[in-house]
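Reviewing the structure listed below.
The first chain written gets the first letter, and so on, giving A, B, C, D and E; residue counts start at 1 in each chain.
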Amino acid sequence: MNALVWLAIPLIPLLLAVLIGLRPHRTRFNRWVPWAALPGLAGAAFGGDVEPAALDGLMLNTLLGLDPLGQAFLALTSGLWLAAGLFALSDRQDDPLRHRFYVFWLLALSGNLGLILAQDALSFYLFFSLMSLAAYGLVVHSNTGEAWRAGHIYLILAVVGEILLFAGFVMAIHQTGGDTRLTAIAEARPEGWGLALLVLGFGIKAGMLPLHFWLPLAHPAAPVAASAVLSGAMIKAGVLGWLRVLPLDETGHVLLGETLVLLGLAAAFLAALAGVLQSRPKTILAYSSISQMGLITAGVGLALVLPDLRPWLLMAVTLYAVHHGFAKGALFLAAGMTAQRPAGGAGRLAFFLFAALPALALAGMPMTSGALAKNTLKDPLYGADLAGWMAYTEFALTLAAAGTTLLMLRFLWCWHQAQQDIQAPPRADSRRWWAWGGLAGMSLVFPLLGIAVAPPEQVPAWVVLTGLSLVWPIGLGLVLGLLAWRWLPDRNRPWLQEGDLVVPLEWLAHASQRLWHSRPALIGIGRHPARLRWVRYRLRERLELAERVLTRWETIGLLFAAAMLGLYLTLWAG
Amino acid sequence: MEWLAQQLAPGLIYPTAGALLFALGLYGLIRRHHLVLRILALNIMGSGVFMVLLGIAARGEGAPDPVAQALTLTGIVVAVSATAFALALVVRLARITGQAMMLPGPPDDEAPVDDISREEHAPSAEYEREHRE
Amino acid sequence: MSDGGWLLLAILLSSLGPGLAIFFLPERRYGLRTLLNLGGAGTKLVLVGWLLLSVLRGDEYQLSIPLLPGIDFVLAADALSLLFATLSAVLWFVTTVYAIGYLEGSPRRSRFFGFFSLCVSATVGIALSGNLITLLIFYELLTLATWPLVVHRGTPAALRAGRLYLGYTLTSGLVLFTAIVWLTLLAGAEPFVPGGYLGELATTHETTLKVLFVMLMIGFGVKAALVPLHSWLPIAMVAPAPVSALLHAVAVVKAGAFGIVRVVNDVYGAEVAMELGLAAGLVVIAAITILYGSIQALRTDDLKQRLAFSTVSQVSYIVLGVALAGPLGVIGGLVHLVHQGITKITLFFCAGNFAETLGIHKISELDGVGRRMPLTMLAFTLGALGMIGLPPLAGFVTKWHLGLGALEAQFHWVLVVLIASSLLNAAYFLPPVIRGWLGERRTPWHEHLVEHSGPTRFETHWMLLVPTLFVAALSLLGGLLAGMSLSPLDWVTLIVERDYSIPGFAP
Amino acid sequence: MSNLLLVIFDLVLLAGLLGVAWRCLASTDLFRAVVLFITFGLLLALAWVRLEAPDIALAEAAIGAGITGALLLVTLERLRSIAVERRRGRPDQPPDPAGADALLHALHDPPPPRRTFVPALSFALVVGGLMVTALWHQPDAVGLEPVVDEHMGVSGVDHPITAVLLNFRAYDTFLELAIVLIALLGAWSLGRYDRLPARPAPGPILPGTLRLLVPVAIVTGVYILWAGSHAPGGAFQAGAILGAAGILLVLARPRDLPMAPSTPLRLGLTAGVGLFLAIGIVGLFIGPGLLGYPPEWAYPLIIVIEIAATLSIALTLVALFIAGRPAGDDH
Amino acid sequence: MSEAPAEMLPLAISGLVALSLTLAILATVWPRQAHRIGGYGAVLMAAAVVALSALFVAAGPEPESAATRVALGGWEAPLGVMLHLDGLSMTLLVLTGVVGLATSLYSLGYVHDPIERRQFWPLWLWLWAGLNMLLLSGDAFNLYISLEVVSLSAVALVAFTGTAAAVSGAMRYLLVNILGSLSFLMGVVLLFGEHGVLDLVLLEARTEIGPTERMAAVLMTAGLMLKAALFPLHVWLAPAHGSAPAPVSAVLSGLVVTGSFYLILRLWMGPFAPLATPAFGILVGLLGVAALVWGSAQALRSGRLKSIVAYSTVAQFGYLLIAFPLMLIESEAWKVVVFFAIVHALAKASVFLAAGTLQHAAGHDRVAEMGGVLRARGRTVFALGLAGVSLMGLPFTGGFIAKYLLLEAGLSTILAGSLIGVLWVIAIAGGGLLAAGYVLRMVAPAFHRGARDAGEAVSPWMDWVPLGLAVVAAAAGFAGTLTLHTLTLTPGAP
């Protein structure tokens, strides 16, 4: 029975996708699209006590189940998909190709839910690739030149990521001697190329530094709901992969930990800097996602470096992921709500409040989910004895909050600018408001919910929702914002092209292609039909002449005599 | 002298002459073009072979070997029948191609091929009339 | 005619009989011809099924007719031969239905179906052959039976392709013939024995066996489209779709691969192959072919050419698997024998549907086809993703086992080759899928099929659509239910267990 | 002493033979070559007499020189008439390129080109030389003569050659008759007979000689046939002589040959072979074997076969001279 | 019961000779009924041959009990003429029976003009009788006489159509035949001069290596090579076979040429066996390779269907020549050569008959313009293809088994250490490819796209006999063991 439960969660969106795909004209099923995430939410709520199901027949004995870590991620994913689904329903109301959007949406949803439940490598890989490929459909949905380019780059990186993951899994399972369970992989502590491939495979999805450039391109191109889900839930799959596969046990992995921390922090600062130099709201949000994911990566790295603090840090990473998911989702929906700006005072206030709240939560405002996440991440670091540059990680983490604040200011300003040219406010669309409000509210509700549901012994740490280390980075951010606002003359022009690293890479690709085409055409030894026919004709001519000479009578006589002599000679010579 | 006479016994001179005739016939066959001359050359080669055979038969003191002579008789009759048929063929060839020479070369691809299975012979009367023209 | 030989003969005759009958059938006898075709295919399916079950129960089937003193014509049914026979039987049934639909109203169909049945009897013959000489007999018969199908259209291009095809296959056939005669002289006309029957020859005739192995590989390599000998396959794509589907994707190409499997496993034996360093050489060639095939596929814009080049590289997976000579590698290789067959025939059916219904031959013309023919496009997508090796589909199972097999046989660089080839596969299979679903069609469709045989209830003629969907489902189930008993993977594990006699071996 | 004279005679004879042969092959005019060939035949008959083979000498003279000579001469005549016919050229066709010298061309063969002289001569001489060396190394007197004498008693005839021909190696003789018949069938398959071009010169000479020669020929033929059983002679020589008589008759009346009825003609032609085989098959069952005669019946059977053979050979030789199938045969 | 067949054999052999001669004579006497005599006679003759072969095989596993010598007229060896029947001649007799039957049935349809029928059948029956006698005779002079019977009737049949090409081909063939026979006769005379015996078995006992034997061997072999159109002396074959009527070409290429090769084999396994030297083997082998290449090149060049098939005979006989050096090292190889000759004769006869049908239908036999007829006449093209496959040596045909045996012999010579063996193996294997070339030239137009016209109506005989013979040629593949067993019943052969 429990197999059916676990299977149902990814299968329901899949079945709905098939139904919509087969009957594109009938819109009856479109209404069900957002609610496809509901079973995921139910699973997250009650799944704790249902034990994992092993299905041998399916795909080399798949194993589906839910552990606490999975439960948290499942809650985040299904909640976010539900809200974004509602938003998308109305956002896509008049789009002629909406049924295609819904199909890809549901496929991505089922992939995302599935990979959280998957306990063995094969089904994890199945749902992971399903999610990546389906997301492509969402990215290129708007069918503009920019969307195709973004989609193209996204697909290349997604496919490369998948294949690296495949290779990583093969090497890891070779090491475990054929046991495909993820826990078995973790216990067998993959190392060398296997480990590198796994980290890279998940890193691409999680927007790790060198391979992050698909994010700032994909988000502005994708429809708002899609980028909300992409940035909020899908990226987290990379982190979940790390948590499932990396050797997070007593011994940990110091070298890997340190590299992750370094990459995380670098991502946090550089992404923030690149984000500030942008002018489109969604691009800024994309860069803020990269910087936040950098922090989570650093968290994972710390868990590897300090194995004894592991449970605490993993708890922090999970909380941070959930918090960032909801906040970023809300901000993206906000970017999509510009057209809904109400005229009146109360409506305008709520409008601005719903946008500012998640921004502040991200910045780490006390009493918000941001504060909870940052504190739980930083508290254990105080006591820990970290050698060399690692000692400054705690300070760097707090400094990152300043960067985020600056970024949030830049976003709010650009978002505000974007609303100037919208005139008559259309009638308020309740569904979108509900979705947006819900998500924005979560950044407040979530810490309280967290405390209520968390186990008693960890309660004291929860209480600290405030603290100086939260406040001074925000102040610093505000100061920097004011300075920048006054000095920099025109604020609307983007200083840095979107997708920073991609520009040189693309130039390189085009240059090599031009070189390849212009290479001197191989002196083809191709068939010169005319010459070939002429040679054959000459040959035929000469053969006929030879035969004619042979048939002349005296030749026959001479050959006869010659044959006799030849035979005699060989017989005699012996 | 006796040795010479003994050496030049008929059992030895005639076979040698026969071999020479054979060689002469072969030479003539290779050289001459006209078909009748070639048939003559073949006949001479035949006579050469028969001379060798009869020479062998006449060896030794006693009566000549009757089997060899019978074979020669058979050979002569065979030779004459082959020659007769060859001459008939030469006449036929001359009537068609106008000359009693061999046509060199493989069957040229454009040569008209009249396939006897399609031929419907004219009734004899008409053949006569056509022939007597 | 020892025990059970009649069943093997019945299987062979079930396609040979109708084939010869169809030859002498006048063109207009449409009904009778279809009846004969489907009847033959049906009976073969039933008989092979019966054979499958009885071999599973473990009883032996053998038929031997003396050809020459000391050399006889042997048919035997062991696990490996059944794998290929079942694949051929199933796909022949499907392709017959497809061919009947595809060739609706075209001339010279009696001749086509006659040779078509001959081909399949040859393929099943290859599967069921008990020793190298019988394999050679059916192998050469396959060449003769496929040539008329390649030149079926009669256009100068078709004939040039036919000439090239004959040139390649006959030359390699001669090399193979000489090698087999030489081997029979040395080792005697032994039947196939898992683990090889060379015995002490391996020690005494070291260099001769190496030369023989190279000659055998050349012989089988042409049909298995190994790199230097592959260029007939893309050019033979000029043949009608059912021919390129069943023959050039499944029967002919598989015959070559099957031959190599037989030689490496049942003539030389894995140990001897490893010992003489032949397996390593074969791995290198297979790897080169995989990469070369994929790169060439990337460059062509013609759909069937691209599929042909992809066949060139995919078949080399089988060769690679077998050459790895470890249990896992061999499982990967053999299971790909089935999976590649199913997946590739789906792709060719879809290509055939596009060409027949909308006259599409180029990938650049595929924009927006997903809306006009959604089911065929879905099948094409499943096939394409299967080829890339994405999980739910059959292709993944193969790549998974090949990867593990490579590591198990210490050929680490083979994993890099697998990665590179998967990337290339994605590079040349995803664009058509994306164009199909997400591109949009500016000019109206040129309704090729509707023009000459009227409107169809579904998106195309039902006889074209149903086989395509059936085979696409097979490729999905092949991967999804890989764990179940009697799935291709399970059957292959059974084969490897028997061959490698590793008790209780679990992948 | 007489031995020495014989040797000189042999050498002169062989030299003459080789000289005549060489001149015959080297001559450019065909008529001259044919005449030389006939003299070569006669000299050859002399040689056979010298080698104590009277039967063969008789056959050589009758068949080798006579019949073959006649055939050659009639062929030349036919070639000349074809050439004349072509030279006149049919009005509707362009004149034959051989045109003016067609006549000359028909019966004249230009000397062969120089380039094949050296190889041809050298090859011929080497082959001849090798044969001569082989012959010189052979032992003498190794023939089957003693074996034949031993079996003469049973053969039913006294003359050894006839015994060999018709009893010991009857199979070869049978096939020989078959070959003559096949040659005729081949000649007939080529086409209908054409009028003999030669017209008898007016005047009494030819009819006179005819009236004299034909009866003499018939009598000698029958005598030789009869003598064959105990003295040189036999079916073939008799057949040749009767054939020569027949040819004389044909030459005398070239214009309108009597329309020979087809069945009796065919029966006559195949009488020799047919009878021979019939008796042979009877011999298979009651005699010692195929083509064998029960000893007591040997002589009469051989005589019957000889008569039939003579008749067939004569008819066949005449038909070969005409070299065309009779009109009666075609409907 | 085991010795009864041995008794019956002499009677059966004489009976067969008598039957074939009777048929020929009857046809000559009653020309108007010649075709009926020929038709029923052919069936009778085939039945007789099959019965004889059954008796022969039943006569016993050991060669001595099966091989029989019949003294004609009761006169034993040195005096009389002996008929000799052993495995080698028996298998070729069966071949002659089968091809003869097929050609006779085909000729019933091919020669339907009453006047020509009267000329054709007697000559054809004499040719068949001559072939039977050639295979059975054991006496050297008798072989000469049989050769003459075969040659004269063959030449008459070649000149049958009466066209310029046919008559000049026949003339050249006649001169070649007479030259060959005279050379053969001179060899026989030399042997008689040396040993005073004419019977082959007695000669074999007496011959030793000396100038006479060597010269006799050269003369006889050269004469027979001329008649069997082996490579340097092959030029008369294409004009003669190319322009002869189809059934005649089938018999000439199938049986007459094979008969001459049989004689060479008989001589070099019997009397001249001690003379063979390695250099001789290599020369003959090289001639074989040259024949293969030259014949195939000419076949690929020539534009007429029949001359392609004629040149293919020259090429395929290259294989028989190549087998000579193999026989020197691997003495068992002679059986392989005979089996190849049998399979080739069957396939070649079937191809010629099919070509005849196509020529009759199209009115000409220029390959370039025969597309229409080829497309229309599926049955005949299938026969052409099936026989062509046997020529190529691809499976399910006699040719495949024959090539297998040839390759096996070639490879065993290499294993036995002769390095030139590699050339023989390459030639044997490569030959198949060249054969594929010219068979494809004949069959490919059938697959061209274009109009189909069945051309002239063709009698049912001409439609079905080529297919029947092609199927027999293919079935020869499965008769491998039986044929080789019969061949082993040859006393004295290695």
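One rule holds in what follows: a contact is a pair of C-beta atoms (placed from the backbone, for glycine too) under 8 Å apart; a residue touches a chain by one contact, two chains touch by 3 or more.
Everything numeric here is computed off the predicted structure, so don't read it as measured data.
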item	value
Required minimum of steps from subunit B to subunit C, each step between chains that touch	2
Chain nearest the overall C-alpha centroid of the shown protein atoms	C
Farthest chain relative to subunit D (centres taken as mean CA coordinates)	A
Pair exhibiting more inter-chain C-beta contacts, B-D or A-D	B-D
Farthest chain (mean CA position) relative to subunit B	A
Chain centre separation in whole Å, for subunit E relative to subunit A (CA means)	80
Cα-centroid distance, subunit A relative to subunit B, in whole angstrom	100
Centre distance in Å when subunit D and subunit E are each reduced to the mean of their C-alpha atoms	31
Centre distance in Å when subunit C and subunit E are each reduced to the mean of their C-alpha atoms	43
For subunit D, residues contacting two or more additional chains	112, 116, 120, 123-124, 127, 130-131, 135, 138, 142-144, 148, 168-169, 172, 176, 179, 182-183, 186, 190-191, 330-331
Where subunit E touches two or more other chains at once, by residue number	79, 115, 141, 145, 148, 152, 155-156, 159-160, 162, 167, 172, 175, 179, 186, 190, 193, 196, 214-215, 218, 238-239, 298
Junction residues of subunit C, two or more chains touched	none
Chain contact topology (line, ring, star, complete or other)	other
Which chain pairs touch, all of them	A-B, A-C, A-D, A-E, B-D, B-E, C-E, D-E
Contact footprint of subunit E on subunit A as seen in their complex	539-540, 543-544, 547, 550-551, 553, 555-557, 559-560, 562-564, 566-568, 570-574
Interfacial residue positions of subunit C with respect to subunit E in the complex	23, 65-69, 71, 111, 133, 136-138, 140-141, 143-144, 148, 151-155, 159, 162-163, 166, 170-171, 173-175, 177-178, 181-182, 184-185
Touching residues on subunit D, where the partner in the complex is subunit A	112, 116, 119-120, 123-124, 126-127, 130
Of subunit B, residues touching subunit A in the complex	26, 29-31, 33, 38, 102, 104-106
Contacting residues of subunit B [partner subunit D, same complex]	1, 5, 8-17, 19-28, 30-34, 36-37, 40-41, 43-44, 47, 50-52, 54-74, 76-85, 87-92, 94-95, 98-100, 121, 123-124, 127-128, 131
